[in-house]
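Each chain gets a letter, A, B, C and D, in the order it is written, and its residues are counted from 1.
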Amino acid sequence: MNPVNYLYLAALLFTIGASGVLLRRNAIVVFMSVELMLNAANLALVAFSRLHGNLDGQIIAFFTMVVAAAEVVVGLAIIVTIFRSRHSASVDDASLMKL
Amino acid sequence: MSFPLLTAVAALPAIGAVATAAVPAARRTAAKWLALAVSLATLVLAAVVAFRFDPGGDRYQLTESHTWIADFGVRYELGVDGIGVALIALTALLIPFVVLAGWHDADPVEEEAAPGRRWRPTQGFFALILAVEAMVVISFAATDVFLFYVFFEAMLIPMYFLIGGFGDRAGARDEAEAAKQRSYAAVKFLLYNLAGGLIMLAAVIGLYAVTADQLGEGTFSLRAIVEARASGELTMAQNTERLLFLGFFLAFAVKAPLWPLHTWLPNAMGESTAPVAVLITAVVDKVGTFAMLRFCLGLFPEASAWATPVVLVLALVSIIYGALLAIGQRDIKRLIAYASISHFGFIILGIFAMTSQGQGGATLYMVNHGISTAALMLVAGFLISRRGSRLIADYGGVQKVAPVLAGTFLIGGLATLSLPGLAPFVSEFLVLVGTFTRYPAAGIVATFGIVLAALYVLVLYQRTMTGPVRPEVERMPDLRKRELAVVAPLIALLVLLGVFPKPLTDIVNPAVEHTLSDVQKTDPDPEVEAAK
Amino acid sequence: METLIGLLVAAPLLGAAVLLCGGRRLDRTGHWIGTALAAASFLLGAVLFADMLGREAEDRTLSQHVFSWIPVGGFQADVAFRLDQLSMTFVLLITGVGTLIHVYSIGYMEHDERRRRFFGYLNLFLAAMLLLVLADNYLLLYAGWEGVGLASYLLIGFWQHKPSAATAAKKAFIVNRVGDIGLSIAIMIMFTTFGTFAFSPVLESVGGTSEGTATAIGLMLLLAACGKSAQVPLQSWLGDAMEGPTPVSALIHAATMVTAGVYLIVRSGAIFDAAPAAQTAVVTVGAVTLLFGAIVGCAKDDIKKALAGSTMSQIGYMVLAAGLGPIGYAFAIMHLVTHGFFKAGLFLGAGSVMHGMNDEVDMRRYGGLRKYMPITFATFGLGYLAIIGFPGLSGFFSKDKIIEAAFAKGGTEGWILGGAALLGAAITAFYMTRVMLMTFFGEERWRNAPTPSPKEPSVEPAAETGGEYEVPHPHESPKSMTVPMIVLAFGSVFAGGLFSWGEAFVHWLEPVVPFEHGHPPVSALTVTAATVVALLIGVGAAWLQYGRKPVPALAPRGSLLTRAARRDLLQDDFNHVVLVKPGEYLTRGLVYLDHKVVDGAVNGTAAAVGGLSGRSRRIQNGYARSYAVSMLGGAAVLVAATLLMRAV
Amino acid sequence: MSTTTELTLRAQELIPAPDIEYGQLAPVLIVIGAAVVGVLFEAFLPRRARYTAQALLAGLALASAFAAVVGLAAAGRATTEAGLIAMGALAVDGPALFLQGVILLVSLVALLTFAERRLDPRAHGRHVDSFAAEGAAVPGGEGEKAAVRAGFTTTEVYPLLLFAVGGMLVFPAANDLLTLFIALEVFSLPLYVLCALARRKRLMSQEAALKYFLLGAFSSAFLLFGIALLYGYAGSVKYAEIASVVADTNRGTTEALAGTTGNDVLLLIGGALLVMGLLFKVGAVPFHMWTPDVYQGAPTPVTGFMAAATKVAAFGALLRLLYVVLPGLTWDWRPVMWGVAIVSMLAGAVIAITQTDVKRLLAYSSIAHAGFILAGVVAATPSGISSVLFYLAAYSFVTLGAFAVVTLVRDAGGEATHLSKWAGLGRRSPLVAAVFAVFLLAFAGIPLTSGFAGKFAVFKAAAEGGAGALVVVGVIASAIAAFFYIRVIVLMFFSEPKVEGPSVAVPSPLTTTAIAVGVAVTLVLGVAPQYFLDLASQAGVFAR
């Protein structure tokens, strides 16, 4: 099947992820949506890599996974600290600073 | 490489400023004397400049030129023509009086003066005055547009602190309100001028772009640009030139100030102490009119000619409007401020009349107005400091208790209404004649200014000095030695320059001829060749 | 010799400088210094006069170039003097009368602690006035012109603690300034037209320019003259000027300064000759003023104000004469001189009366003073006879000539002018007789206390003595005051005769002031007769009114004209309504405008930016997700924009 | 035996072993290496020793890295010897070295403020710095109290700082999209953590971290997707090759490419997303929203570091991207950048007017300045590049200094950042107020300060690049901006001091040095900028 379809899928996933970020309150979920966007990018990379027949795309995908993992570490750390100090993982509750 | 005289004239007060600021908190008086000494030394240097200057010589003399910021094509280029000399002399001359007059204006109030406090208003006050002097001198001597711009802008900062930090405490009921009005005035002053300056910045950059585009590498050197224009290797598109001209002119019109960009001046002069007010109107504002003469006309002759009608009208409006508002004021210092607006109208009128009388008169006017306003404003300051009020209505019959004060005040006033025999008459009449020869209507309208001037001066004098003595002023002491030492020389100078202005005109005339040749204008010939 | 000219001016100037800067230590000697220097310059004048007489009529003109004053381009103003017969006449008048009045003031100002300053001002005036008449170019003349204005300002307001005095002084200066506009514009036109403003070149080359230009210059000069010489419509200040000490009124506002306008017109004769329209304007002003002043003079009860009105009217005569051209110039000057004598005398007399009546000025509070102050009576009387033109006295010669010249103008114009002059003569006789009678004859109205009247401002001095009234003890004034009066009286008697002895004066002036005989439609004798008749009528009427029946101590309401005349024919009310009030509204309006509109625009902009800021910062609502939205939106815009850019 | 050798041989011909110019990588390697060592310190050194050890280590590392950069520059790597290293992954050229130098100096100064521990009052007789005793402990909870009592300090900040610096060093030098992405993450992640570690106002600090993290991750997702699209467009992630495809030299080399390569939509969208990711780091409108909150919440030393260093790095990367990869697209991205620049200048200036918190104020001002710098970026001329380089150098030191001063003004609740508390500071401690005034004037672009020189350079470049309109807008924006800088000065000098106003803590030599350096640079670059302008203009050429 035409590899270009994978691109459409990737775009779709990316959009879903983005809208997840905008719509969900729970920090964890928001963060998962970001991960989804990253993976959408990965999919696109791999698809392109297939199209171009060179490995760069796949290599980047590997790197991305590592980065994502690193982000998870930092992200979760932050989110958990917040959760412990204000007993809520809602992104909207964290709005002390404004204007 | 001869001794950099002009740099020295600027550097001396600059160093003096730093030194004064460094005087420890406890030694206030020392700071005052130091400042006075420095300002006097500067005066001496300025005198040397005046003597070294040869009216018959080149257009710009005592020149210095070093690269400063090659990337911007900026050079540290100094040089004076007669106009510059006159104004540098004026500046150097007035500062000692400003210092002397402000002797006690910055003495800290008790609880501030408490030992151990690091707050040192006195040192700051005099240091700032000297700093302003240094910057003003540079901008009078700069023949590099960028260099001029830098100091034109930079001098706002010390002025800003002088206005906002050291208002006379006669403004409002309580110190808090006074402080509020002060900082309002200071901010207004700064923003007005900064805005003007930033517009000019755009024009300065534009000028660079133009020169860079046509001369290969951008330059700000006034002389280089003027020569290039003369030789035709630099030509500006009409619209470009006009836009650039406007950019420059706006900045100068704010500084001058020209109606309708004047509203900062009454606040600034009203809220600040008399010496600072003098500094504003007699020294700093002159940079504006001076720059019109040197940069607007020098760099953009065609555009200047193009703008002349509008400028003349605005100048006339300033003359009449300023005078009328002066008549309508209740506050002595604001009255003087509006009077100054009227006078700046005359100066600008003279500059754009494009005749040797007009521009020569305008230059003399800058000097004379500086001295006369200084005299009037400083005496007014002494008066206000005695009664603690700026309202005209709070005075009456002062001449009975303090005749000398009243007398000097009257002389200052008479100078302001340009009575023959006192310096301002010479310049004002020159401006009028110079304008009339080319624009009769404008000349006639401006002439009405002299009646209005008589009105606001004499009304002020009548309300404050004559009539029955009010109980509040009964105890009022007459002028003290220090104060007399401030006023007497100024008055002597007014008389001298009114009776024998020749030395000044001799210096100024050649410079004016050059400026006129920049704009390719010559005086209109008389219609009948009179039998001489 | 030339160098002496400068000294003429320098001497009194030095005096002024010394006296004004000298400080209290000169209080005891000040007045002597002042008088001495005035006398010195008179002597100088005399010396120069002698020298002048010693030379041929043609080369009597001396000129001295002192230094170059304002040299800028083609504009070359010099400090240079020109002493010819005309200016010489003035020099003698000014220094002579001036010196006398200095002497007089020594006595008159004896009890004033600011006497030193008074003399300083007097000297300042002399210097300025001499500068005015000696200048050889219009700009220097202008300097003197404003200088005398300043001196008059200082002297009118000499008693500054009196608000009325301060106001009068200010008014005088400002009205004069209005006139000065004329002079300065005239100079500008001259410079533009001739490239110079020195007398001789300008006057010689007037012919070269258009009549329009000449007319313009002429009218401007006339405006200046009106201001300085209190001619309609700029006469309103002279009446109030009487607030000044009486010597001042005598010297400045009768003898010398107020005649400067006449000098200006005569001096610029060539210009007016080239501009008939301007001449017509001059004669009109003259005629109107001589009647105006006379009428005002009839209604005033304040002795000085009455005399002021008369001054106005007499100067009207001079201006009229000056406007007649060569047939009148000389007589204008002649009347000017004689008037200088008798009017000064009259004022000094009035001063001496006030001196003896503890500063009462209301003639209705005088009466029967002749036996208390005989010398004053005598001198005043002679002055009176002179001014009404009693045959044989100086006023007669000068005034009569002017009336003749007026008729000689020819045509209806001549008749009108002549008639006006005649009428003026009659009225003069009337009001002067009135003054005379009310002051020196009739019963002694000053014995009983004044009935306070609301609409009489001039009882202020009496009011100063704290309400209850002490009867004055009229007495003759000290020598220092009477001697000058006597001298002046001599002048007022003989000057006229002397001058017209074989037209001596006219011929003396002729080299500088062109003269030609006027030919009145009727014989000169008829005119003279008519004049005499007119004066008899005037005297008679006055006697019927004030001589026969007693003068009421409180002014009767009087006819409409009388009341108008008391208020200077509503001049001030006119100015108030037409100029002052609108001016006040204008300034107030502008102050408001400046604050609300011009300044408001600036502050408004600032406020607007502030408001914008306040509103736009709400976008920053603290919610991370909304931030994300803006980012996404931004990204969308970015993408869209880039695509768009490629599309177009 | 023989098979293995055979395998290795085949592997070597399949995957050629990369040759790395370690010498030219030295700056990065030193910093990263030091960071790793720092982590080891955390693991093995006793608590007492850590602060000193870490601070020294970091200082040493940064200093020697800077030395290395200077060395490279001296070796002509900035000009004649400029080139690509690590198989084209990194560029060692003028802009890279210049910016790396700036970043290292900035970090060095920032390090001083990190190590400051005299400002906060002693806790249980121990000096404490501005970082939480134990980041993981609940604010105000038992754990925190215990940690404080035990005198814990978060010395991890130093390795984190070093990692961030390492990332930043790579960022402007990155010469392929992958390196770019990695570098971005490498310096972002430590920053997220650093933001969360304030000692006072911890809730706000954590909130700042959360916002920064989420939005940062969000933006880097966009960036990554952009990378993907560009890769799809060009079939490579190397700048040079993408550029050549854009310049359409080797269009359609292989059949496979035919479908996608030269599909400009991919290029345009990809480029836009990529640029957006960078604009986020720069803090340009409309991607600026995180700036105020994060600047306010983060520990002030960290804010200073971020505000200065991140901008430098991000603008470096942006410059390289726009000048090396997308020059063929100039006419596509330029108008867009115009828009962003204008909006940033105006919005930043306008919104700042009504701010009441010093740190937020500075945040908005930084947005406005991002706009000014963009004006130079769009000039698309060599002088544009050098002007931006100069501006970055000037700006970063002013910013550092300003935030350093902010750390000094304190009351019971820690730093007193609310403007109302700054009233009358000039009366109480003229020197500090004066210094801060100098920084504000520099921000406002008053002549004789570095701010003016930078602004002039940028506007001049813009004008020459034919962007006169930008100059005018910039001028207007500066006028508006001047208003709020002036406001602060008025507050400090012309209004009466509050009775229970904040006190100015007397700092240790560390912060003093930091501020002094800031002032010095501000004035030197203002009065005699020539030398540095030369440096910048020499460094204004990218290696391709």
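Assume a residue touches a chain if its C-beta (ideal position, glycine included) is under 8 Å from a C-beta of that chain, and two chains touch if they have at least 3 such contacts.
Please read these numbers as outputs of a predicted model, since none were measured by experiment.
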item: Third chains touching both subunit D and subunit A; value: C
item: Among all chain pairs, the one with the most C-beta contacts; value: B-C
item: Closest chain to global C-alpha mean, per-chain Cα centroids; value: B
item: Chain at maximum distance from subunit A, centres defined as averaged CA atoms; value: C
item: Averaged-CA centre spacing for the pair subunit C and subunit B, given as whole angstrom; value: 37
item: Inter-centroid spacing, subunit C versus subunit A (mean Cα positions, whole Å); value: 97
item: Distance between the centres, which are taken as Cα means, of subunit D and subunit C, whole angstrom; value: 81
item: Inter-centroid spacing, subunit B versus subunit A (mean Cα positions, whole Å); value: 65
item: Sequence positions of subunit D contacting 2 or more other chains; value: 210-211, 214, 218, 222, 292-293, 483
item: Numbers and ranges of subunit B residues touching at least 2 other chains; value: 191
item: Per-residue multi-chain contacts in subunit A, two or more chains; value: 18, 21, 30, 91, 94-98
item: Touching pairs among all chains present in the structure; value: A-C, A-D, B-C, B-D, C-D
item: Contact footprint of subunit D on subunit C as seen in their complex; value: 606, 609-610, 612-614, 616-617, 619-620, 622, 624, 626-628, 630-631, 633-635, 637-639, 641-643, 645-646
item: Subunit C partner contacts - residues on subunit A that touch it in the complex; value: 18, 21-23, 25, 30, 91-92, 94-99
item: Subunit A contact footprint on subunit D (complex, rising order); value: 135-136, 138-139, 141, 177-178, 181-182, 185, 189, 192-193, 196, 202-204, 206-211, 213-214, 217-218, 221-222, 224-225, 227-229, 231-232, 235-237, 254, 256-257, 259-260, 292-293, 296-297
item: Residue ranges of subunit A touching subunit D (in the complex, touch as defined); value: 4, 7, 10, 14, 17-18, 21, 27, 30-31, 34, 37-38, 40-41, 44-45, 47-49, 51-54, 56-57, 59-60, 63-64, 67, 70-71, 74-75, 77-79, 81-82, 84-86, 91, 94-98
item: In the complex with subunit B, residue positions of subunit D that touch it; value: 427-431, 441, 444, 446-448, 452-453, 456-457, 459-460, 463-464, 468, 471-472, 475-476, 478-479, 482-483, 486-487, 490, 493-496, 528-530, 533-534, 537
